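In the part that follows, the structures are each spelled out as structure tokens.
Consider the two complexes below, in which chain A is the common component and chain B and chain C are the respective partners.
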Partner chain A sequence: MALIQTLFQALSTNPGSTAGVGFSRWPVMLVITAALLMLPIIIIAASLALPFSDTWRHLLDTVIVDYLGTSALLMLGVGAGTAVLGVGAAWLTTAYQFPGRSALVWALLLPMAMPAYIIAYTYTGLLDFSGPVQSALRDNFGWGYGDYYFPQIRSLGGAIAMLSLVLYPYVYLLARVAFMEQSASMREAARSLGRSPTQVFFRVALPQARPAIVAGVSLALMETLADFGTVDYFGVSAFTTGIFRTWYGMGELTTAAQLSALLMLFILVLIVVERTSRARMRYHQSQRRAQRTQLSGWRSALCCGALVLIVLAGFLVPAMQLLMWAINHWRGAWDDQFLQLVWNSFSLASITAVVCLGLSLLLAYGQRLSPGLIERSAVRLAALGYAVPGMVIAVGVLIPLAWLDNRVDALAREWFDTSTGLLLSGTLLALVFAYAVRFLSVSLQSVESGLSRVKPTLDDAARTLGASAGTTLRRVHLPILRGSLLTALLLVFVDVLKELPATLILRPFNFNTLAVRTYELASDERLTDAALPALAIVIIGLIPVILLIRAIAEGEKQHG
Partner chain B sequence: MGKSLRIDKASVCYGDVTAVQGASLRLEAGEIGCLLGPSGCGKTSLLRAISGFQSISEGTIEVGETLVSSPALQVAPEQRRIGMVFQDFALFPHLSVSRNIAFGLQALNANDRQTTVERLLELVSMRDWASAMPHELSGGQQQRVALARALAPSPDILLLDEPFSSLDTSLREQLALEVTQLLKESNVTAVLVTHDQQEALTMADTVAVMNDGNVEQVASPYELYHQPRTRFVAGFIGQGTLLRVSTDSTGGAKTPVTELASALGQLPSSRELEVLLRPDDVIVDATSNCKLVVSSVDFRGAHSLVSLQLPDGQTISCNAPGHVQVSPGYALPVRVEIKHKVTFDAAEGAK
Partner chain C sequence: MLFNEIFSEFTVWLRDVPLTQSDSHTSRVVKEALRERLDRDNSVAVRRHSVYHCGCYNPLIENNNYSFQPESDEAMPTQLIRILGTALTALTGVICNAALAAEVNVYSSRQEALIKPLLDRFSEQTGTKINLVTGKGDALLTRLRSEGMNSPADILLTVDAGRLYRAEEAGVLQSVSSELLMSEVPGHLRDPDGQWYALSVRARAIVYAKDRVDPAELSTYEALTDSTWEGKVCIRSSGNIYNQSLIAGMIATEGEAAAESFATGLVANFARPPQGGDRDQIKAVAAGQCDVAIVNSYYLGGMINSGDAEQQAAAAKVGIFWPNQDGRGTHVNVSGAGVTKSAKNTANAVKLIEFLANDESQRWYAETNNEYPVRDGIPVSEVLAAWGTFKADEVPVSELGRLNADAVKVMDRAGWR
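So, the complex of A and B:
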């Protein structure tokens, strides 16, 4: 709230109102805000300049190759998995008409509500040796331990499957739009030149949609590299697990930062790929859209069945399993502690959502009032955190706060002969700051897109009618933007609620959230007890998916 | 009651680019002025400088006796008491018609605000639409609400930025007349920006023709049409031809068409000149001995614009009554009557 107040103050003193044409405070304010939000990332990058410790050499000799190899395989697997699932689902739902299509269009988005670590816990419970599936097999066929082969879910392959199942919607969403925008005459031309429908897909539709698909896969891979819960639970030695072990197990913060910097190089490549692909995406609004081909008989059953299977595997089966566990074992999880968890999660998420909204308004509005290269760059850099894994941001937040705490402590000892202990590290402030770095872009995007729909002449009109910039914000922009602002709050709220790795590292001692509690219970192999907090996260995670589905339904209506 | 507007040698720069170069314009209280010129001529930049959205690098802008803009001073738009009607109307989409109009009346108490809103709704004949939302209105209605909203706080100056350009052509002429009448009734000083000369000539008391950042001429519509000071103004306002003519030592035009030579009368001697010939200077007259060959006909109903070829290859145009039926190749008898003689030196710029 203080932030919003400062924003209003900054707006009410217009630089042009007195004498100063020329100097404006906006660039300075935006650059300072951006620098603050960039701080953790800068610190991680700067850690490469620090001397490499013996631990680093030790890691280099032993596990770093392992981390690199595993992360590369993970990316390869999830990349292929999300591409096949996402492009397949997008093509089938845009090119063909079959029973259940319109329901599947939105149902295919449901897995977005399922955090990867939760689907991993659920499938482990389902497919483990003692789980219902293997037990049923043994009972039916009279097998015993070791009599049969069953794939091990807690493996690299398992992690790839879990991540692909919940991350394909990124590809699906972008590919779907790309396919829908493609013109009918282009495909008809290919058919008239003697190509079969399959050839049309591979030779015409797919190449045209490639930038969108690449952008979608890049986003899915960023999430893959950011994932900690799944790989940690499956015992897969990916980068995030390595960073966590180095910091938590060995207490080597600098080495953890250096590992994080290495991971950021991967991320940087993905950002560049995603940005360039997006720039190459083309939209042709006015062209005649392709009609969907009506499928019938076994083809339509096959098509529908395949898509239903994806939705089942990615959402319905794990959600049902969670629900059953939660119903059967709710007594184990439902207590005062659970209410405390819900309260902690909700208050943390609400505070972060408000902070992010305030920052977004400051950045977006500052850029609108004072458009320029410096301002634009500052805002874009401030939003960079979305691509950086929560684990990396946490390490980047921990280092400067620890340094500051030590300094203050040393000064206090010197001057007053008392120890202040740790003032900032391990406080909610540190956590909210890390969240703001990670999720600012989510709310910024929402605010910016809303603000961009407000014509600049409306600002001018308000000003000529005697309203200052601050009054214009209050009387014109905020009422018009109400929906966008609410969306911004909601999206950040849900993201914070689902977030695991940064919370795990930065939370105050004995402060638990739904996500952390789920992680702890699952790590203790108390999967059934973990079901209640996990289910709570999934249900809340459905909110943004429902918003998305409604937006898409409106788009469908317009396109017919 | 409006106030006078004095713009004195104002320049507007965007970085290295000069959009307006030393523009001057004076309007008395209650006058309607117009900035007219092709797109990119700097008229919108000058308008934004008057409204206070754009700083000026040279010169001054004064409203009444108050300095509002100079290189060292830029009074904020909200403190200038300058109202504005925008090209896209810029009605607040979340407010009803009456609340749009009331937006600038924050300083008044609820009663006075209500009275003012009702007076303006009446003025623009939008009383029945008071509680309608902007998106429910037609273009013409939105235009009237925008005008009412800008007039509500009784501004010292009212600016209108291409106010009719987003409306149907059929609607424009009628609205231009209506708006002129409204402005005169409200007795407000107004500045209109347009690229449409018809609008400018219909509405304005004083027109400033701008080209390439410069004000070429400030004059009344009548004067602009009949006494353009530069070639650009001559070409931009109305139709017409600049005819190349050389004169002999006595100041007579050397042309094979005697009718033309006698109409031009006495000109500066021994010069290469360009003479502005308007279509209404050339009149169809069956009794005339001067016959010119028709090269093309542009039939417009009430009249036709007929191009006539002179023996030396130059063409002039003639405003023929619509019932005169001619086709290319026909020799049309015409009389030339030049009431306002406008000549330019062919070698230099304006005379």
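So, the complex of A and C:
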């Protein structure tokens, strides 16, 4: 209580809100929400205060340098890969007109529905030494092992390629919106001052789209750092490998939590550095949009071909492989529960998407109203969960919930002579909470980058005309932000659909999802049997992608 | 303040979970309601139910502690609250009446497809409802520990001895004395205190390319470190539990130095950096990337039975060899189960474990997943019969759990990724 009172005092003396109102309930709601979402992260961070065991010496002596180096390379590779693919695709589809453009605009989103571990399975099946491609090569040319060079798919390079192929849509989505909302006049001014189209891209369009690109790339990087499925399958010793080896192999949960806490600290530093470096820049949209330049001849073929290649590699090839496996092996995964799995996955993902969107709006808008240090830090800390492996978040959720449940139970026994048992642990509520902690960052980035492009003068105008903060949000921001909100919903939906580790440990009795089914079959090394549930994940993931596509199409119509 | 409390709880939790069960008392109202219900429903063997079933967990039915709490001179509001609480309890009791059938709640790291059919069979035979959550062993153990005495789990089922050992160390299992289990599960495959029992045996064998390797060249795991095998050995990463227990077994019998020199020697002979699962190693042998691989035998069985032409073709190209037959025997690990300390359905939980150890279930493991039964004399699948019998390492499987962390460190030092 004392803590909350102090917070209230701190907040009410806080001067800075856009509309200049003294006290508002927004910051209070923001801090309380953020505090709740931060709880699991705090639990993990608290492990740093526990004594460091001898395992640390062993890790430092043997493997930690390897883990750090691999993770750094992985981040560099995926960062570069997603930036090039995402920004390139976004720029080509917004700045140029070429045959097939309108279809490619949405097709480029498809890889998003493909979980990284599943694309890893399919490409391994295709390109591995014992896979059909290499076997065909050997049969045709009479080669044996060692007679020819073929890139090793299960390697660091392979992991970078797989993760880049499925994670670039984050960058593409956010960068595309940014490019579309950029004003034409700046680009025209640059052109009239004698700059080439390339120079316009690098000197005008790219810097203006920076917050969106950074948001997209940082999402991709956070997901990369949290990834375990792909690196584990490829035998790449990344930092997450270290976390899980320490936990599972050595039974040292404390040390594993400490490693995770350091990972979060690293992410936090990255975020702070990035925010500081563009602290003074402001990005706001204007009215008149740029026209697309018509491409012709080989340029348009090249442009179209490059984008088609991305869609092929990121979606069509693995999806076809899955489809073929699923047709031949659907019996291995099908049972009378399968439709229930589909429904469970779908409803969980929908609920969580809406919850995350609500939380993100609250946090982002609350921050806009009163951008004080407390609010900003609270929001940043609350959004750290995305970089932490789902299993670790799950432990951070498990501990406080079980603690709360057991306390409530003890009180109930004391006061009412009855037991409440575990009220929250092992319920879907706990699961949705864990998802919210883990995926808040995704929807928040989208909502924030949308809000940042809305001029504060709009808020001021609305507030001067007597609208409250809530009314302004509802009547001014929400309609403008429609695209960003849809994007946020889509991203969270797809992420929850693919999520596995937290689902595994927190779910109630007799409750399974498509991801769980896929994992169980894949972990038994029945990849072909796992194709049916994997394909179902991809197909359900396409539903919101299609919704978004329609929204994009409408947006393009409006903008011409 | 709140944070401090949670933090101290966190510390406690990481060290040791206080496992105390507070007694619950009840009032006459509930007692009578309960009696009535019990009389009405005599056919049900065990009258228990769980929070997961109906959203209300009611310990009075479990504890059979019907002592009447004498009226105390409490203040009026407290009394009022007590009455309200009592009424509430009675009400939940009525609502839960429908769920008063026998139940057992299982946390299983054995995946659904490889346990659910047996559980369903048990339900059919006994009318006991089984609730199942599957997941990774350590994650389930963490869940069990943090839930404490209120955990709904009655049984923890794992696919390796290490996790059973950890569960025992964490104090979340209870000793179960079952004559049936004692006689059906051999001594080295169960906990001396009866906290857990093995339910199936998984052997780690050597597979070799039939066209390039003469099985006479093979003898022991250790022999694969010889320089003749340089660049010819495939095995998956050291993060895999079965590699960890293989090394742990070596530490237990041969000592840590010997285990480390084995790991170092094996790494020197790797055909490629460790990657993929056991089936991938078998495929690599079949495709010619390596000549031998160390894998769990049931994966080869799974490939033979897969119905997938490509996998069957790969499996046909390799042979299986049981190493260390003249010495300590081939390394085996187990899947097994124990009753949790927090179990509310102990009697039925024991019955379920006994069921999983009976002849019918043992045969099912062998036929469905090509695992080995825990005792001799159980008919096995055609595939297993074709591989012949072998001498298994009889180092107590609990040792594998105890030495697991050391094994990981040995492999880290050997550079086994």
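To be clear about the criterion, the second predicted complex is superposed on the first by the 323 of 560 C-alpha atoms of A that agree within 3 Å, B and C clash if a C-alpha of one lies under 4 Å from a C-alpha of the other, contacts with A are read in each partner's own complex, and residues count from 1 in each chain.
Convention: contacts are C-beta pairs under 8 Å (C-beta built on N, C-alpha and C of every residue); 3 or more make two chains touch, one makes a residue touch a chain.
Predicted model only: the values in this text are computed from it and were never measured.
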item: First (chain B), second (chain C), both or neither touched by A:P479; value: first
item: Contacts of A:N512 with chain B and chain C, given as first, second, both or neither; value: second
item: Touched partner set for A:A402, first chain B, second chain C, both or neither; value: second
item: First, second, both or neither for A:E520, with chain B first and chain C second; value: second
item: Touched chain A residues, chain B compared with chain C; value: C
item: Contacts of A:D232 with chain B and chain C, given as first, second, both or neither; value: second
item: Which superposed partner A:T457 touches (first chain B, second chain C, both, neither); value: first
item: First, second, both or neither for A:L428, with chain B first and chain C second; value: neither
item: Chain A positions touched by chain B in one structure and by chain C in the second; value: none
item: Contacting residues of chain B [partner chain A, same complex]; value: 51-53, 55, 71-84, 86-88, 90-94, 103-104, 106-107, 149-150, 152-153, 155, 159
item: List of chain A residues in touch with chain C within their complex; value: 2-3, 39, 42-43, 46-47, 49-50, 55, 58-59, 62-63, 124, 128-130, 134-135, 144-145, 152, 154-155, 232-235, 237, 241, 244-245, 247-254, 328-329, 391, 394-395, 398-400, 402-403, 405-406, 409-410, 412-413, 415-422, 425-426, 501, 504-512, 516-517, 520-521, 523-526, 528
item: Chain C residues touching chain A - in the complex, by the definition given at the top; value: 1-3, 6-7, 9-11, 13-14, 22, 24-27, 50-52, 56-60, 69, 78, 81-82, 84-86, 88-89, 105, 111-114, 131-140, 142-143, 146-152, 162, 166, 236-239, 241, 244, 272-280, 283-284, 286-289, 299, 302, 306-308, 314, 404-405, 407-409, 412-413, 417
item: Chain A residues within the chain B interface of the complex; value: 14, 16-17, 19, 21-22, 455, 457-458, 460-468, 471, 475-476, 479-480
